[in-house]
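Chain IDs A, B, C and D follow the sequence of writing; residue 1 opens each chain.
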Amino acid sequence: MAGPRMPGRNFLFVPGPTNVPDRVMRAMMVAMEDHRSSRFPELTLSLFQKLKQIFKTETGQPFIFSGSGTGAWEAALTNTLSRGDKVLAPRFGQFSHLWIDLAQRIGLDVVVQDEEWGTGASPERIEEALRADRTHAIKGVLIVHNETATGVTSDIAAIRRAIDNAGHPAMLYVDGVSSIGSIDFDMDRWRVDLAVAGSQKGLMLPAGLGIVCASPKALAANKTAGCARTYFDFGDQMKANATGYFPYTPSLPMLYGLQESLGILFEEQLVHVFERHQVLADGVRSAVAAWGLKLCAKEPKWYSNTVSAIMVPPGIDGADVIDAAFRRYNLALGAGLSKVAGKLFRIGHLGDLNDLMVLGALAGAEMAMRDVGIDVTLGSGVAAAQSHFRSTIMAKEKRPTEQERFAQMHPEGVFHPQRAG
Amino acid sequence: MAGPRMPGRNFLFVPGPTNVPDRVMRAMMVAMEDHRSSRFPELTLSLFQKLKQIFKTETGQPFIFSGSGTGAWEAALTNTLSRGDKVLAPRFGQFSHLWIDLAQRIGLDVVVQDEEWGTGASPERIEEALRADRTHAIKGVLIVHNETATGVTSDIAAIRRAIDNAGHPAMLYVDGVSSIGSIDFDMDRWRVDLAVAGSQKGLMLPAGLGIVCASPKALAANKTAGCARTYFDFGDQMKANATGYFPYTPSLPMLYGLQESLGILFEEQLVHVFERHQVLADGVRSAVAAWGLKLCAKEPKWYSNTVSAIMVPPGIDGADVIDAAFRRYNLALGAGLSKVAGKLFRIGHLGDLNDLMVLGALAGAEMAMRDVGIDVTLGSGVAAAQSHFRSTIMAKEKRPTEQERFAQMHPEGVFHPQRAG
Amino acid sequence: MAGPRMPGRNFLFVPGPTNVPDRVMRAMMVAMEDHRSSRFPELTLSLFQKLKQIFKTETGQPFIFSGSGTGAWEAALTNTLSRGDKVLAPRFGQFSHLWIDLAQRIGLDVVVQDEEWGTGASPERIEEALRADRTHAIKGVLIVHNETATGVTSDIAAIRRAIDNAGHPAMLYVDGVSSIGSIDFDMDRWRVDLAVAGSQKGLMLPAGLGIVCASPKALAANKTAGCARTYFDFGDQMKANATGYFPYTPSLPMLYGLQESLGILFEEQLVHVFERHQVLADGVRSAVAAWGLKLCAKEPKWYSNTVSAIMVPPGIDGADVIDAAFRRYNLALGAGLSKVAGKLFRIGHLGDLNDLMVLGALAGAEMAMRDVGIDVTLGSGVAAAQSHFRSTIMAKEKRPTEQERFAQMHPEGVFHPQRAG
Amino acid sequence: MAGPRMPGRNFLFVPGPTNVPDRVMRAMMVAMEDHRSSRFPELTLSLFQKLKQIFKTETGQPFIFSGSGTGAWEAALTNTLSRGDKVLAPRFGQFSHLWIDLAQRIGLDVVVQDEEWGTGASPERIEEALRADRTHAIKGVLIVHNETATGVTSDIAAIRRAIDNAGHPAMLYVDGVSSIGSIDFDMDRWRVDLAVAGSQKGLMLPAGLGIVCASPKALAANKTAGCARTYFDFGDQMKANATGYFPYTPSLPMLYGLQESLGILFEEQLVHVFERHQVLADGVRSAVAAWGLKLCAKEPKWYSNTVSAIMVPPGIDGADVIDAAFRRYNLALGAGLSKVAGKLFRIGHLGDLNDLMVLGALAGAEMAMRDVGIDVTLGSGVAAAQSHFRSTIMAKEKRPTEQERFAQMHPEGVFHPQRAG
């Protein structure tokens, strides 16, 4: 529907920023207020508590910075390491590449483990490298949980086991920017030391907050960490946060928005949020199969539930698909970056999404692909995803509730529902 | 994606209220102000001018009432007729029925011409009735331009010709609530005397304004019209409107919203707005054909570009389709009303819509139909609509612009673009 | 701060529309939805319940019309009376005048009791007129509770007693547009039959809703009332409202906004809302006294807690005060209407207001008065109001709570707080 | 008006965050979009151009960081200096103290010039120190243009002259966080090398953006600056900004809000914005004089047009004034920080403010002061400020326009208005 104005809603399927729900939009529309008032801590102290549920941690401490995920990357490293410290970091996409680059620029000695793009972090190679590091020179292992550039999710639990198997004391740093709030993330169980998140993905907010959660071990390391840091310093935050304040003026719309978006996640319940992302991602993947195309992710074990990177056939430029989708159909898809530029296009399927939004995007992708000469059957991907969505819903409606299952098993028992999140 | 919360956007495909564009939403977010200030007329006087472009009239006078289309129906009749006056009114759906009911309740003597639901006003029968009315007892002819209950558009130009052919002086009353702003409406060319619109359809606003446009003939009739009226009185409005005010407090958000929505329509240009509605409607109809279903509208000449009423197969209750769509897929479809209750469901395709929104809705309708046992092939309607949308866009991109066409025909000429709207 | 743009907030002190609180503004920012969905009644049914608390009625039935207070005036009369019915109506300002005019235009026979502007309805004269009406030809008594044009509040309880003393069965119609939600209004205790409200005053919403509450006696009268009515018909509303719907498309932003504004009133508690309006009005009146000026209201018993009409000295045009206030100080004051045009200016002090907002407005009024040659001492009115506000707050802080008072009186008792509203 | 809810608007008179105008609030309410789309640079490239007008620079380059003023402080220093570099920095309040602290923590060698709180940077001492620095070891001079803690504005033009007089090549770093957009700031004329701003003061936005403008000399220094930096790196920004993008996801609401707030400033015209701040500040200062109190700023030459720090009499705790103002009158005042804690309270008078807002705040401050035992006459400060505001407006209305002045001087000439900003 090309023209001077694009009527209707934009279908936003880049992997971030994601759609901001109306409820969050409303919550952000606040008059300014004194961030040093006696009332302000009510807001902030409860935010810190709720963030812990998002990271699934009891002992971790969350930090909220005005900034972005990149700033949170920097905060995680500079607060816990010193120039010259050695860290181990697999590289298998543009975002793992950029984190490594950042680490190098702040003076860390990065041992890079290159993996094929389309695969992820290798627990085996990590274990091996750590075992070889007898002197424990390696202070940290840096993993991008969900590599947004290739649509690959690495197995953090397996990496934790690798570190444990090697008996190595390195801290575990995880970039969860495009996983936290969408894909299960279990900080305490995986003993993640530094978890990094941003506001503009699963948290369904505009960009503008970089969030880091630090384990007690990380906080201990903070005391001796020699990297220069001021804006992103944990210490200044901890002092002010303890009573519900910030060391400098925080963004009120973002804090009130975060309060609402966390509320939405807890209402839906995290377990259902993750399940929804799984269903939507499976729908997209069944469409890709129906189109006869391949994902960049090499194997099902790498498949990401938040972004799918779809290889275009030889002779086709993925950028042309994206351009046609944007100009003609008001559909925003993600581009291939760096090594895979032109070779793929990406569908971000995370945040405040439902079946029909995804089906509309798939329909748009089909049209755009046809427009640039990719031989897909119109409606084929949509039909495959529809089938998947219907079967899931039917299954769900037939499925007994938790309470019903309990009643079947314990005819005499009293059911106590678990807390959300 | 059933559950305690419905993530993502609701797909709103009832034939009103329609989606309010973000720009209009923002424009409505105004602080209150003194509606008797010296500045206020800037807003209102320009609104009246712009509304004339929407009705396509030079000589008509628009009235803006806080109210709804029903109120505007009442305003059109009570301001121009007296108790006992005879009017002629075809009836072929729930909305033409309700307007007739309202006319009867205010004391008019309505000559009802019943037409089969799925057809519309018959110019032939109207001409015949008017010819038979030698004494010109009939003061008005009431036509619902677009019958929202059945998805039928009547031919107002043909009805004007019928009245002229009969040489009859009756005024022409047209309910354009679900046509104006979406389907071409040409008040001056068709010599409509009373045109009725509401805010919540093609004007892309919430409900809350009933708008009437009156021809000079209608304003003349106003002087002698004896029906009781106070809130909806043209006279009070005219007195206050002349200087840019209202006889009672107007709704500021609605006026500012109207200013923005008219701006959007003029930016897209009315001719393109109508064309877009045509394309989207054709897409929906091609989907219906692919599903092997029938419209309530009996023939292509009755097809509405703003709403399609789709007959469900025998043995199926249309309400079940609507229920499944709403509960499972966050898709709002319109119900069958009155005579056709349960026999159909309706897709409203008007207002701030684009291709992908419609495709998402079609995908949802397919799933909901399958869920209740209608044997449609998943993806089939989507594919048919996709084909149609692609061919239109391709044709458009190949089509020479107005200026290029001019240059081909008049190699020496100077091109003067016509005004929008 | 004259100039091309007026920086900062407008000080809105017209007696309606009033300031819309941010919470209500946010609540109004809703995406459109199907007003016939199975979920919709949750909203509407609770609104009707809450409105009853605002009118303080157990047995009354509230009606919500898209429209204005004028529409609600019409609804109250046409739904309960027939053409030619006699009603008694005191007239003492522009709004009582306009209601009488409306009543006459719908065909009622209005017995007008003119009272001096600056006074209000006279219970004595009403009792007298009703006693004289031996045949009970008078079907209703129409009272404007708070005459916005002169800042006069009439005593509805006294009028009820007057009717009772006369042993007359006439229904009691009360225009509470600028009182309900700001000044105590007790429908059941006063046995008001038709109470009329609008959204843009004490309810802190934009204009757009006319609200009527009808007693069982009024609903009985509805069955035989012969006035023509369709848009404003109680019957259509009752049928649809019973299950939580409306006979035509309602304004969703207004309904969601009303839900929030009622919530705000109940949180503050109506008794405190009324007390706040009393305090603010007393502050304004003490400023007027300090300026050496007089109110239009002749005696304290007529003083309105929502609007003060302030007489300007001879030789000064009140419109000039308003103009200077608006152009120079971004302050909107109300004008003198009709008989009192130019002789006064009005300060509306109702809705979402606090002490400092009123003090800012008083300061602005002082400057504007000086600018046009009224000899008031700058700061004098502000100081008088400050004194009043401080004494009230001090008194309040010293005042024992309800619970403390109870404990003093009933050392053994268990305190049961009353429900709000 | 103490109670469970605070009705009416909060009077926000802390020196940041400041009131966000409704227009900016609306502009921020945007759906998310792809920040890598082909359309996005339209927004960003124009923002950079407009920011240059705010800094009054032709050759400077602005950088927009998601962050705060603190982050912008860090960016200015780390991008242009190396660990161990010497800088000269006067200290005369909490914010100059904090910037020095930040400089020390990133490894700079800060030569601190302590000045009495209530005074500002001394051009004489700076010239002296630079003259003494024969080896040009000092790489930069750091000045807080407007010290928010004490309400003191330093004279940047004089400091530039001091540097020039000393013939010293040190770069000039200026913190304009609470001056830029409110007090004249002339980057090019003053040859400022690094100018630092935040979004939440004169730019009338929420906190969330740290903005730095760098001179060509600063950009040259960037090439060799050795401080570690990644998130705040100029280089990454320059690469992406050149084509209208950002190296990481920007905050869309803040960018759209900035576009609108800059538009508002240019509409009012910067010269009038500064003049308005001057008038409002003079009004506040005349109130302080009427109260018989003193400013923290020692002499008129130090008086700030954006914040006034008002000394409370001995025996009174400034925090009690602030507490009473907040709890009782919904008025937010600023606290005394560090050395002056308890000794003063601050009125921020910057951003989207007008006369009546200031008068309301002054009235509230008077009441709060009386409540805690400060013997001020109610209304006295208000009256003094009213007098000042009226005289300014009267003078302005009598003053000939620029065009009229031109006509007087050049009866034959053709007037060419200058561009805004």
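What we mean here is this: a residue touches a chain if its C-beta (ideal position, glycine included) is under 8 Å from a C-beta of that chain, and two chains touch if they have at least 3 such contacts.
None of these values were measured; they are calculated from a predicted model.
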Chain whose average C-alpha position is farthest from chain D's own: B
Between the pairs A-C and A-D, the one where more C-beta pairs touch: A-D
Whole-Å gap between the CA centroids of chain C and chain D: 44
Distance from the mean Cα position of chain C to that of chain A, given in whole angstrom: 53
Distance from the mean Cα position of chain D to that of chain A, given in whole angstrom: 37
Junction residues of chain C - those touching two or more other chains: 9, 19, 25, 29, 31
Chain C - residues contacting chain A, complex: 22, 25-27, 29-31
Residues of chain C touching chain D in the complex: 1-9, 11, 19, 264, 267-269, 272-273, 276, 279, 328-331, 352-357, 359-361, 363-364, 366-367, 370-371, 377-380, 382-384, 386-387, 389-390, 393-394, 396-397
Chain B contact footprint on chain C (complex, rising order): 9-10, 12, 14, 16-20, 25, 28-29, 31-38, 65-71, 74, 78, 83, 102, 105-107, 198, 200, 206-208, 227-233, 247-254, 323, 326, 332, 335
